[in-house]
């Protein structure tokens, strides 16, 4: 059974996501909001279907996708080669290049190189962690990586002072710094290799038409400038994103 | 649904190392919890009445709130009041405090279950308080409490999984890497279920064995 | 932390309370059955009961929930989140409650059952009128603590898409980046609920204290 | 049916594992009389009583209650055939039993204990059952205590409630297993008095007791058991009077030895 | 010091809350004799014994053991002064106590129960203590059971271990609180025999008992307590013989009533 047909017939595209990933998906005043909500609203229009959100902790999202609880994942996730083996990603929706967040007013860190030899936090087994370690190896003395079950704990530990910086994708930490300027501050520029966020979906053949349709919708949204507006609204900047990632940089 | 066995095998060394951490924290945390819980129970029973009431509040506070909340506040909140523990220490301290609250209640029920006459008999032959505690009350309680102690210790194992939130490199955190890196969540959860199940069964088997061994100490019919 | 956020937590706690209350009650019914199976003379029933208890006590609730929520659709049963949460919690707490009840049942003095036999009670009537009430009275304190434990474990049901108290705190922490305040507030709400539950347990214990056996 | 004895036990054998506790007991309990079962500890008295109440299943032998087989009938070739549960229950309903440990249900009042079976088993409406239960409690002198829970009653009162509970179901035969031996000496009197009155009213009673005095004064027949065998059986004066069976002599010594003789 | 009585109790008052359980008891227990304390349930017998063992603290009055004050001395103006714990322990070491419920420690063998205090309190080496304990167990006829846990012993055997445990510490005075009333009648015999032998060996004993026969035959002195007061005191023939105190008559009736009279 072709999933696109099923979605069209039902008139509903079910999208799974977690709501602890600002500014993409989060809870503001009890409401689920974020860049994904706006973007999928546009995708829905392009496909002519309603969007139905299924919000779960990240642990539950991929088992849900694999068991067919919903048709795709909003995430988004950094597109890596390992992950592409298991899932099909949409065309990129934002840049995911890694940058650093530091404690507000920390004079010892003004540029990425300053983290040499210091404790830096990131999510366990994430693409961002791998990159900051690799980056640290290029510095005079390697960094001391600290791994967290999710980035939110890493931010908490930055506030608590156990790490001097947190490495995460630029859009995320830019938003954190903007939300709590008294506590956090962005370290510019991003240091990592260029990576992108995409929405993961199923690689199975019956999903192919759906994923193609979403890519087409995204292309249309990018082409007429709606994407730019949404990015500006949530990240404060617009990103140039390629049409399609065949092979990621990491 | 995909299930990638090779992926699990490639993660095996990591998982085994993490399993070691889990078991270590579980055993040390439970042991310390049992010990501290005993001290609390003794203080509440033999100390002044004020101390009993003073200890009641924290015990109920710990028992009434989720371990997740406690450990989060201890680890991430601690530095704000000058208590900066590393994750394994914080995990151990947190587990000990959490366990101590529960174990202390078990010990207390044990004190109440010992027939007064057994203690009076000790008094009559001249055992002092400390000797009575050590030679009579403690051993008698141990066998009375064995089943509930085993039960609580199993719960303690389950709670060690929460420690992933403060980056203790234990099993759940290690397995989460399978999910984050390869998005192989199903494999991860299968491992967690099997390993925890095996540990729980091992623990209950030991409990049953000890219970059988101690069965002849059960109270004599009068 | 604003009152508005705190109010969101309180609202989320409603779901925590409802889910826990329903699961604990359903779990009790299920536990009675499992307990009956474990204590029955039928070998197969006994083995099934033991396996049930072993599995649901031995594996993390998180995994059980995922199995129910994600494996059931594969065999064509597409259960909504709330139902999956209740089923998962009920099964898990049933395993614990069954063991607690078993302890109660074996402590019912044999003589009381023999007295019922002599009065001509059927096995079902003996169970309903004599064994169950006494077993429950003996185990109320343990059942109360299990209820509190379950209330706290209900935080795990968010994995099947239910936004209860802990999940709400986590979500709010993730958007406001103020986890300490939110976690402390959530802990406070749990504490209040649990104090009420403990009070109810004590009240029940008093009401059922017809003296000792 | 009046010519049939109330209880007839034939060649009853009961084993616990390898341990033979009753080795071929024959016993006849005549209607309307008190039969007392005495014997040293472990001689199998309780086990015999429990077999008659069908709380234990005998390994061999047959039991008849009012001429009806209980539990098993003998088949054509002498083999035993188990009777259906309903039949067992029907025959057992002739029997009331009072235990040493009272075995009152702790979650019901005295009245509830007595009324329960009338409602649950007999299907009487609760109100009628309670009236009948109240009458039974009056009989044992406890109407004032009807609303008390067992934990609020003295041992003697508890035992009297237990007797009322058994009597409420209108049994033909009452079995007592050491009904006073968990009572204080002063409370024992209460219960023995109730039993004495019951005996006078013509109830068939089989009583296991250590109260030799009671047995001697109230029993019409004494049965002495030792090591699972019936050693002596007869009227009290035959059993206790001289010349006595040597084993009885020895048994009585353990009582006399306690010095009661010097007192009286 | 031999002229001093073993136990001397003066104006002892004990209250539980508002409930006065002992209202001014005077009692002298002479050395080398058996004194029996009898009385109805709730009359305060156990409480008196427990005060003498200092398991309860009396509210008023004084106790002397072998002429030494136990727990309190009277001061200049008649006020009571509490003695230091070491002194209490020293005086109490003259006393051994045997309880109704045996109170053996379930996690130690019979031998362990008897040897424990020798090691822990007296500081004897374990081996010597066990030899001594073994001798005590032989005295009560239990050497064959030394390695058994209490749960593996009969009630009578348990009580004999309890007696051995008390005797191992070489007390001058033994207190018994209804030592046989949780035993089966035949097991009672065992324990009473051990007590009888102990009495013959000249041990000073104070025994709370419901075994009137034992009291009458072994006791040198009977003390009858009722409602926390000493009603009668004297030799058995004085107390039980005619003419009797009216209250004693009434009390004995509850025993005679049980029909023992018809038998003998």
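Residue numbering begins at 1 within each chain, and the chains themselves are lettered A, B, C, D and E in the order written.
Heads up, the rule we're going with is that a residue touches a chain if its C-beta (ideal position, glycine included) is under 8 Å from a C-beta of that chain, and two chains touch if they have at least 3 such contacts.
Chain identities (UniProt): B, C = Amino acid ABC transporter; D, E = Phosphate ABC transporter ATP-binding protein.
Every value quoted in this text rests on a predicted model; they were computed, and no experiment measured them.
Q: Return the chains common to the contact lists of chain C and chain E.
A: B, D
Q: Please identify the chain with the largest separation between its CA centroid and the CA centroid of chain D.
A: Centre of mass proxy via C-alpha means gives A as farthest from chain D.
Q: Looking at C-alpha means, what's the farthest chain from chain C?
A: Farthest chain from chain C, going by C-alpha centroids: E.
Q: Compute the distance, rounded to whole Å, between the mean C-alpha positions of chain B and chain D.
A: The mean C-alpha positions of chain B and chain D differ by 52 Å.
Q: Calculate how many whole Å lie between the centre of chain B and the centre of chain E, each centre taken as the average of the chain's C-alpha atoms.
A: Their C-alpha centroids are separated by 45 Å.
Q: How many angstrom between the C-alpha centroids of chain E and chain D?
A: Here the centre of chain E sits 36 Å away from the centre of chain D.
Q: With chain centres defined as C-alpha means, what is the inter-centre distance between chain B and chain C in Å?
A: Comparing mean C-alpha positions, chain C is 20 Å from chain B.
Q: For chain A, what residues touch not just one other chain but two or more?
A: As it turns out, chain A has residues touching two or more other chains at 59, 63, 66-67, 153, 156.
Q: Two or more other chains in contact with one residue: find those residues in chain B.
A: In chain B, residues 1, 72, 76-77, 80, 189 touch at least two other chains, as defined above.
Q: Which positions in chain C touch two or more other chains at once?
A: Within chain C, the residues that touch at least two other chains are 62, 66, 74, 179-180.
Q: According to the definition already given, which pairs of chains are in contact?
A: Taking the chains two at a time, the touching pairs are A-B, A-C, B-C, B-E, C-D, D-E.
Q: Over in the complex, which chain B residues touch chain E? Could you list them?
A: It is residues 115, 117-118, 120-128, 131, 135-136, 139-140, 143, 216-222 of chain B that touch chain E.
Q: Quick check on the complex: what are the chain C residues that touch chain B?
A: It is residues 54-55, 57-63, 66, 74, 99, 103, 148-149, 152, 155, 166, 179-180, 183-184, 186-188, 190-191, 194-195, 198 of chain C that touch chain B.
Q: Over in the complex, which chain B residues touch chain A? Could you list them?
A: Against chain A, chain B makes touches at 1-2, 72, 75-80, 84, 164-167, 169, 173, 176-186, 189.
Q: Hey, which residues of chain E end up touching chain B in the complex?
A: Touch list, chain E to chain B: 53, 55, 89, 92-93, 95-97, 99, 101-107, 116-117, 120-121, 149-153, 155, 158, 162, 165-166, 169, 182.
Q: For the complex, which residues does chain D have touching chain E?
A: My answer: residues 40-41, 181, 184-189, 192, 210-214, 216-218, 240, 254-264.
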